[in-house]
Structure formats: structure tokens, C-alpha cells
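The structure follows.
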Amino acid sequence: MAIIITIMVLEIKTPHEATWAALLASLPILLTYLLSFVNVGIFWNNYHYMLHAADKVDGAVLWANLFLLFWMSLVPFVIRWLDETGFQPLPTAAYGAVLAMAAIGYLLLEWALVACNGPQSKLATAVGHDRKGLISLALYIAAIALAFVHPWIAIAIYVAVSLAWFLPDRRIESARR
Amino acid sequence: MAIIITIMVLEIKTPHEATWAALLASLPILLTYLLSFVNVGIFWNNYHYMLHAADKVDGAVLWANLFLLFWMSLVPFVIRWLDETGFQPLPTAAYGAVLAMAAIGYLLLEWALVACNGPQSKLATAVGHDRKGLISLALYIAAIALAFVHPWIAIAIYVAVSLAWFLPDRRIESARR
Amino acid sequence: MAIIITIMVLEIKTPHEATWAALLASLPILLTYLLSFVNVGIFWNNYHYMLHAADKVDGAVLWANLFLLFWMSLVPFVIRWLDETGFQPLPTAAYGAVLAMAAIGYLLLEWALVACNGPQSKLATAVGHDRKGLISLALYIAAIALAFVHPWIAIAIYVAVSLAWFLPDRRIESARR
Amino acid sequence: MAIIITIMVLEIKTPHEATWAALLASLPILLTYLLSFVNVGIFWNNYHYMLHAADKVDGAVLWANLFLLFWMSLVPFVIRWLDETGFQPLPTAAYGAVLAMAAIGYLLLEWALVACNGPQSKLATAVGHDRKGLISLALYIAAIALAFVHPWIAIAIYVAVSLAWFLPDRRIESARR
């Protein structure tokens, strides 16, 4: 994930003047970075925890893992596109599509890990049904369509999903204690 | 390996317009990235597993390891060249040459690890004869020559080898369980 | 943290001529890099040690951790701005603001870890009251205001705080032994 | 160290044409990359091993460690300068100076670790007198002066030192077994 954060910071263009106005002009880019940082951070925390709780891995897990990482690695690419074209419908929808694919990758990884470790494993009880993951995926898919109505509706959904995940997750905490 | 993926994502140029046409124009670059991501991911998974299964390392292992990493680190360099010149014979052959050298590095690492851990070690039985590795190397060498007949023959071979490796590897799975 | 160092090195522009004069012209940038390297290195050492000493983590710890990493990741962004505009008041103050936010993130992380591991834990005794952390934060806040009087006053404070942290920390040493 | 390799690969400019002539023109840059890759790889292998063998660390060790990493992180900066100015005396000497400072950092780290772990520790016997490290340092210092006689004398010394380190190190091997 360090990869994605590195690339995103490199993409942020610094204001060319040392004025408040120039700093304000950089605000949308900085906020997009904040949103993406939170998204990547949440994924990373959950991902790390999940792999830690797993006793066994198999080919399907590696497959799902590569799938998830591939889509995560496209996040900076879409953000760059979003910034350069000024939050238009297509790049906004593309951002949602990449997040949706990453969410699918995450769910696939959960299922592969549970299938591999058995339904009675510590991991399976910690993961549960992952309603949160499924609802996030549904919201991302809705956002893809709504981006063509107005990009800011989609962006509001991305922010809302991030906030929902940012709140401490009781599942992880109780399993960690 | 994070290095290589970071660099590859940085190399992808975003479409300059927010249109479907612009996104389509980026498709070949995105597919090249997908292919390379899968290649690096496969190498990485096997590499990680192999070093994990090893009880001992010696100078020859470190040597082979540096050799492998050197050629892997040239992957983004060749991809950049491939993209900038539009899939011409020489860069396509160069891509095959780098993959072939990386495959040699991988085989050298296997041999060095087996030599160091002994033929009865867990590692030696897991690695076996690595027919898959040798066949991949042979195909990469063939692709280097065939790139001068037509670049797409070589690219088809690279894709085919990737797919063959992408299928879950029974050796690794059984050793991991 | 590797992220931040990578980005900072990429930002340093090399002198265009092979002369002593050209090398001297790069000196301010190299010194800024040295200062930031030391800052990031100190944060990193303490951070690593603290997470190592912790037995438990909870949602609040993850929250504080993400907060700290976010502000740390903005360090190269502010440095680039500082370099491009030639050490003017606003970017100098912004550098202090980012360091102050990172210091707050670090204190939050300490408090969250102590709250989670209990006041009798090894971690709590090692962290203590962290007067050094609080004083650093106060100095960074003072530097933000003083940057508008003269940027070099602020920069002198940043250097002084770095030196204070660079001296071997008795707390960490005794806990490590 | 991943940092340094990432940056170095990003610095390599790809040939703009798909011809053998264009590939040949990239050869000096590729060879400089090979040399630096080997240097960084050797440092990294020894560094990793040394930290692994250490039971205790103290403030002096962290200090020496930061010092070493700082100079290592300047390697890509000097290489870029070397490439852009076409192997002139001053940048060639600067490359030697950075390598010499990194070698000093490495020796300081060894001394700090031995001082901290005691002369009877596994680490102290493995490190020994490190005549190789001292000779390398002496050769780098000689190369700095000789770069002003002719850059290629200095470069020949850098290559020779790398080769000497590249040969499997009996100390490490025996300690690892």
C-alpha cells in the first residue's frame, strides 16, 4: 500500500506561489488525497489484520490477493485522471469502478480465506457475513451510475463509505483484544 | 517487488480528456500493465514462498537473489521503452530477454537453495525438478527470436506463460497445507 | 516512512553543471533534505519502538496511526513548496503546521496505546509523560507564528527541535536494554 | 534500500527509438545502474545480516544507522548528476565521497553494535576487525582524489571494490550456517 501512497503524494502539484490564494487552489487536490489516503488506509488495516488471523493460505487466496492489489494499484491512476480533467462524470465513475473492483477483490479474499481455514476458524468468526463490505460494494456500484447524473453525488457516496469504515470496527477490536 | 509495481504505475500516462475514446486509447498501456503486474506477482508469490521454506542460505543464494532482483528491476524500464516505441520488434524482444534472464535468476536461486539445504530438505521436495520454470525459460527464448518475425507472436507467448503460472500451483498449495 | 524519503530524494534537483559553484547552489536543498531526513528518521525510530512495545491495539490506535501517517506523508509536499518559492513566510509556516500536526498525531498515538495497554504496562512506563513531545509541539506552534516575523527564526526552531530529538533518548535506551 | 533502487530505475531514460543504436547509447547508464545496484545490494545484504545478528541496540546504533541510511539515500542523487554531466571529474569524485561516507556509516554501525553487544557476542566474532570495510574506505578516499586525475581511474576503483564485496563473504556464510 506504501506504493499507492507514494505515487499519490508524487502526483500532488505544489502551489507555484507562496500565497494563501495559491494554497487554497490546491485544496481540492489535497482533499482528494485525504479521501484516498483514508480509503487505502482502511483497506490496508483490514487486509493486514485478515492475513494475520489466517492460519492457512492456498492458490485461491493468492489469486484473490493479486486481484485486490491490482485494483488498489490503479487508484492513483484514476485520481490523476480525475484531477487533470476537473471532476467530470467519466473519471468520477471510473474512480467508483476501481473502488468497486477493489471491494470485490476484498470480498473474494475473505471468501477464499474462510473456505481455506474452515467455517469454525478464528478468521471465519471474525469476518462473519461482512455485511459492511457488501453494502460498500453496492454503494460503489450505485455511485458509478450516479456519477453521470452529477459527479458530486458519486463523490459524496465515496466520502460516506469512507466515514462508515473509518469508525472503529467492533469486529476487529474484539478479535484483537 | 513493490518497487517495480510503483514504477510501472507511475509510467502509465492518464488520458488527457474525460471521454470514452481517451480511455480506450489507454487500453494497450493498461493491458501491458496488467500483464506485467501478473508476471511480477507470480514471481513474487513463488519467491516469497521459496525463501520462507528455506532453512539455510549461503553466499551463492545471495548472489542468485541479487541476480534475480536486478533483472526484475529492469522490467519497468523495458515496458516504458515498449510503450514509447509502440510495440516494435526490438523492444518486444528486449522484454522477453529481461523475462528470460529473470527466469534464469529464479532457477539459479532454486538450485542454490536446494544445494544449500540438501536434497532431502522440505524445500527440495517442494521445488522438485521445476519443469514449469525450465519450459517458461525455453518459451521466453523462443519469443525473443519470434519477436523479429512479428511482435504479437512474442506477446502471445508472454501472455500464455503468465496464464500457465497464474493457475494455482499444486506444488505450493500442498506444501503450504 | 520509506515513502517519504523516496519522494524527498526524487524532489532534489541535481546541479546542471559539473562545477563547485553548481554544487554550492544545491546546498540549501541538500540541507533541507538533511533536516527532513533527520525529522522523519527520529519519528520513525520512536514510532517503530512504540508499536513494538505495545501488546494490544484497538480502533483508536489505528485511527491515531492513520492520522500520524497522513501528516508525515505531507512533509515532502511542503518541502517541495518551500524549495520552489525560496523559503518565504507562508510555506515555512506550513512546514511547521505539518510538523505540529504530526507531533499531535504522535501524542494521540501514545495516549491511545497507553489507554489500550493500561497505565501499568511496559509501554506506559516507557512513554511516561512525554514532556519532550509536548515541548516540541509547543515549539512548532510558536514557529508557525514566528515564520511570519522572519522565516529563518522558524527554521532555526525546526533545527533545534531536531537536534534535541537526535540526542540519544534515555527512555528508549533503558527500555531496550 | 528499496527506495534507492526505485529511484535509480526511475532515473534511467529509455532510448527513444526502437533500434540497436539507441539501445547501445543507453549502455553507459545501464552499466552505472548495474554498478550501483550491486553496491546497494551488497550493503543491504551485510546490513540486514548485521542487524539480525544483534541482540541489543542503543542510541549510538540508531545514530549510526541514520547516518548510513542518509548517505545511501544520496547515491541516486549523485548518479543522476554523473549521468547528466557525462562522467566529469567533480561528480565522479562526489560519487566516491558519498560511497566513502556510507562506508564510514557502516563501520560506525559495526563499532556501535559491537560496543553495545560486548566483545564476546556472536556479532562481535562475526564482524571481526572488518579489514575489508577499512580497505574499501581507503580505496574510496583514494578514488576521490584520483577522479581529478581522470574520472575513469576512480570508476575502475569503484568497480574493483564492488567485485571484491560481491564474492561470497566467508564470514557471513559461516555465521549463517
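The first chain written gets the first letter, and so on, giving A, B, C and D; residue counts start at 1 in each chain.
The rule is short, and it goes like this: a contact is a pair of C-beta atoms (placed from the backbone, for glycine too) under 8 Å apart; a residue touches a chain by one contact, two chains touch by 3 or more.
On a predicted model such as this, the values are computed, not experimentally measured, just so you know.
Relative to chain D, the most remote chain by averaged C-alpha coordinates is A.
To overlay chain A on chain C by their CA atoms, one rotates by 90 degrees, a value rounded to a multiple of 5.
The two sequence copies chain C and chain D touch through a face in which the numbers common to both fall below half of the numbers used overall. Remark: chain C and chain D have CA centroids separated by 27 Å (rounded to whole angstrom). Spacing of chain A relative to chain D, judged by their CA centroids, is 38 angstrom. Residues of chain B found to touch two or more other chains are 2, 6, 10. If touching chains are joined by edges, the resulting network of the protein chains shown is one closed cycle, each chain touching exactly two neighbours. The full set of touching chain pairs reads A-B, A-C, B-D, C-D.
In the complex of the two chains, the chain B residues touching chain A come out as 2, 5-6, 9-10, 12, 14-20, 23, 34, 37-38, 41, 45, 166-169, 172-173, 176-177. Against chain C, in their complex, chain D makes its touches with residues 2-4, 6-7, 10, 56-60, 62-63, 66, 69-70, 73-74, 76-77, 80-81, 84-85, 88-91, 94.
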